[in-house]
């Protein structure tokens, strides 16, 4: 599926395998993981391909791990059975907030894959115990803003990613002072904004899956 | 730009740099190169990312080189000046003929980039001395066919890629016996088919650029 | 310098260079970066060396980036001049909280390096505009705890890293639901605990540097 | 065995294993593959070793694949049984046409290996259903030439590799416009030359194996 | 365990596994191996991490192999049973003679590991048939010296590493002319010095293990 | 040039460059280095290519360094001027003693290259201050033997490589207990044998260069 948030376009695709990584075999439990990547011209100036450089950069690693962790928060491994789902998130066009767009889209791809598995009786019930969505929020010129585009992102003093379940609890909160440190008041304001944004995205995910 | 041939979708993007690789510096001449890659879920079953494996596979290398060579056949390096153009061809969905679709789309992206450069007076004239298009043709069950889709491609006894200029000359001819060797008659028939296919694609490229 | 927090031992060493990375040259500004690594037997069961595997894992990348970002929050690049400081954080023994121990120790190594540079008149004033310290906090069995050791860390439902300046503002907040999602109340409690912990560490850093 | 064509010297060695790659196991069928490489001083100016650079270049990949494909055209996998043959083609000295020399020599090494296997009753009949030979042909200054040496190769406007079976059918035809595109007439002339050249090489292979 | 020789500090840690490398399985015999590495700031000027460069340097490889070979000289594989011991030697601070310090310390770590295994009845007797120690000796300004520190090492005309068993026999002798070649007399003098040095280290190892 | 010792065949080729590695620039001094490699079928059973594995093994690294060190013992860098010589030693066929054969052959290639440079007035005098040759000696079944072939090498209890100058001094002595440790008497006997072997090789080198 293709997720679009403003100028950001991420292609999210789920692949199902009826096996699990070696360390998981014989446990009766499944596994969910994600891989994030950007096309070289997703950004305004071209980035070298990581396959050509022969190694994955730290940022790519970090985001792939974040997406995987976020998705796993809504999965019951036992019900999934010894199956794996890999979610590929490939950024075709980047205009800020690619990692949160990827999480939000990856959940929809995951839900589709789970539905496909259930039709084929690959799992014994519904392994999805909740949904997951994410937004980026930030302080730009002392104003808290939801869903920064690239120019806002660059200008942001503080940048925060909020990942929440559909039932309104936190899965991950990552706030970073880009320019200068922030105080508790700013943190609380950003959290409020993030909570509202995630609730709205949860609604859109439900519509898209219905 | 997104090229679609049947179920095959390739995203072709050109990036312009006002410099050339080291071995070319001071020559007054430009350079054109291409990079081809497939998203992991472009095919029906998922392929591992080459960035994760840490090395580019032989097939990827081979196709990137073919696209670059094909494009360079219609470029006058002197007129291009000491500028480089990289064409990224990323296969979003693969259903046969991805390399020829990539060449055909890459030419359009190249022509767009050259137009953009000429507006900015980056080159002294038109560095494009011709156009380039490519088709795959093959013999399936003794019938020569144009533009094989994936199931035909797998069934093909002979597979041929024909790359031609808009003025009707050959840039590259690659015929491979997949199943059993082929004779001169079959080769001639496939060439005829390829010539006709390239002529039609040249027409479509002109329309798309107009 | 060797930082010890409970069973965790991290060797932090600063290296000064009178040059900056290429993208920074001519800017008149300096750069601070960090590299984190674990010895193979820092943990209870041996981990393969990343040099032997030929690539750095995602976790190592992620932590190196976090340490670098945290340190840069207290540095004025202009005053530093075109000099670089690399902080190496090598975990000799790991018992939970290695990344926050590394940040706290890295600041002390950085302050030592800056003092050394100032003696040699390598910078025009004090490039350190604040100090930085970090703690890990977590919810174990519904009780919020400061500075988790390894067994607590494994048992934690929520795990949070708080990085703060000596003046009491946030540099980075990373809260992750390991077991199950957490609500706003738990988040607030963990933040309170983190704020108190960082204040105490700031005091210890000052003593150590005095 | 050492193949020499003019100044080109290629060492071709076959290695037999009584197993097949994982994806082939249990099929009852064998596999034939090839690896091509150049010694660093095979050419006039030294090339860096690919082992030192840590990655195989596109050209090496492309040629290894071509040799493997060509050899497989004359092998019956069923008769070969679940055995593998790897042909190593190492260029000791390069003076044009190394890939076609490698194919021609690789076939002789393959035939030797098959004879050795048949003596040991490793296969149930003759897995070689034909022979394979290859030549390079090209247009230099508008004259079609067989078996280009290095200086001719560099000067060639069109370069074509023709791989044929001993029974006179095509396995692979690769024609590339180095300088300027070529027309159907030139293509036909080059094919005629290639057909004659391959027939002569087939005769020499038979003599060498007798 | 931490070995210190003058300014040289090496951390030696043994890890026991109840399995052996694939090529050793089913032989009833064990295996002992070693990995050597230097922290980036072990030396006076920082060295890049080998994990960051993505490959292990020749010197590291060479020393890891030497340590492994030396340790294996005092091990009876049959008595060890199908178990492996890996000794990690990480140089925290380097001031000459790191490889010989590593061997001497690695033996003590090995002996500790063997004692631990014998308590757990993992082997059927004592797999250690002797002990192993090593010293570096050299000629500095025509004077033979034992245990060179870094400044002496740099100034040495000849550098020799002597590895001996506790019973006084040679395991490895490596003499290298750094500046100018040496004659038989100098070689003999260095050997005498090495023999005496190893005997003294054997005594210290026994004390440390008692 | 091709060196043959019994069944061992090593191709040694020197390449001259009128530049030096970066760390040597501006010193007025040259550099000599060597690269050793084995073809995959040099041995009786095929070894994987190091280029395919993507990394150079420890043994290859170790031998390349030994050859380089040995050659540098007879070179006067000042007279060589800011030029580099790389000696490639590629083992076509291995039957014991490949590293010592490589050193002995590499010296001849080096002397040829130096003669070629002197003809072209690339250096101001003779940068070769001596010659270098090497032999392997070993104890097989308690008998000391010169120049072990592969079956002897495998059976050897002690293996020693002796590298000497033409004037009869030691450049490198490496004795390794393969099976069981050796005493001073055995060491002395092996050295005597090595000294005699190197003297004979020095004579052969002179003949070959005359």
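Letters A, B, C, D, E and F mark the chains as written, and numbering starts fresh at 1 in each.
Methods note: a residue touches a chain if its C-beta (ideal position, glycine included) is under 8 Å from a C-beta of that chain, and two chains touch if they have at least 3 such contacts.
Going by UniProt, the chains are A, B, C, D, E, F = Ribonuclease PH.
Small disclaimer: the values here were computed from a predicted structure and weren't measured.
Between chain D (Ribonuclease PH) and chain F (Ribonuclease PH), the least number of touch steps comes to 1.
Taking shared numbers over all numbers used, the chain B (Ribonuclease PH) to chain D (Ribonuclease PH) interface scores over half, which places it in the same class.
A straight line joining the Cα centres of chain C (Ribonuclease PH) and chain F (Ribonuclease PH) is 49 Å long.
Centroid to centroid, with C-alpha atoms defining each point, chain A (Ribonuclease PH) and chain B (Ribonuclease PH) lie 34 Å apart.
Centre-to-centre spacing of chain B (Ribonuclease PH) and chain E (Ribonuclease PH) amounts to 57 Å, using the average Cα coordinate of each chain. Chain A (Ribonuclease PH) has residues 54-56 in contact with two or more other chains.
Each chain touches the next in a closed loop, which from chain C (Ribonuclease PH) via chain E (Ribonuclease PH) reads C, E, F, D, B, A. Considering their complex, residues 11, 13, 15, 35, 37, 39-41, 45-46, 49-52, 54-56, 60, 86, 88, 90, 92 of chain C (Ribonuclease PH) touch chain E (Ribonuclease PH). Interface of chain D (Ribonuclease PH) with chain B (Ribonuclease PH) (complex): residues 55-59, 61-62, 64-65, 69, 73, 130, 164-165, 167-177, 180-184, 187, 191, 195.
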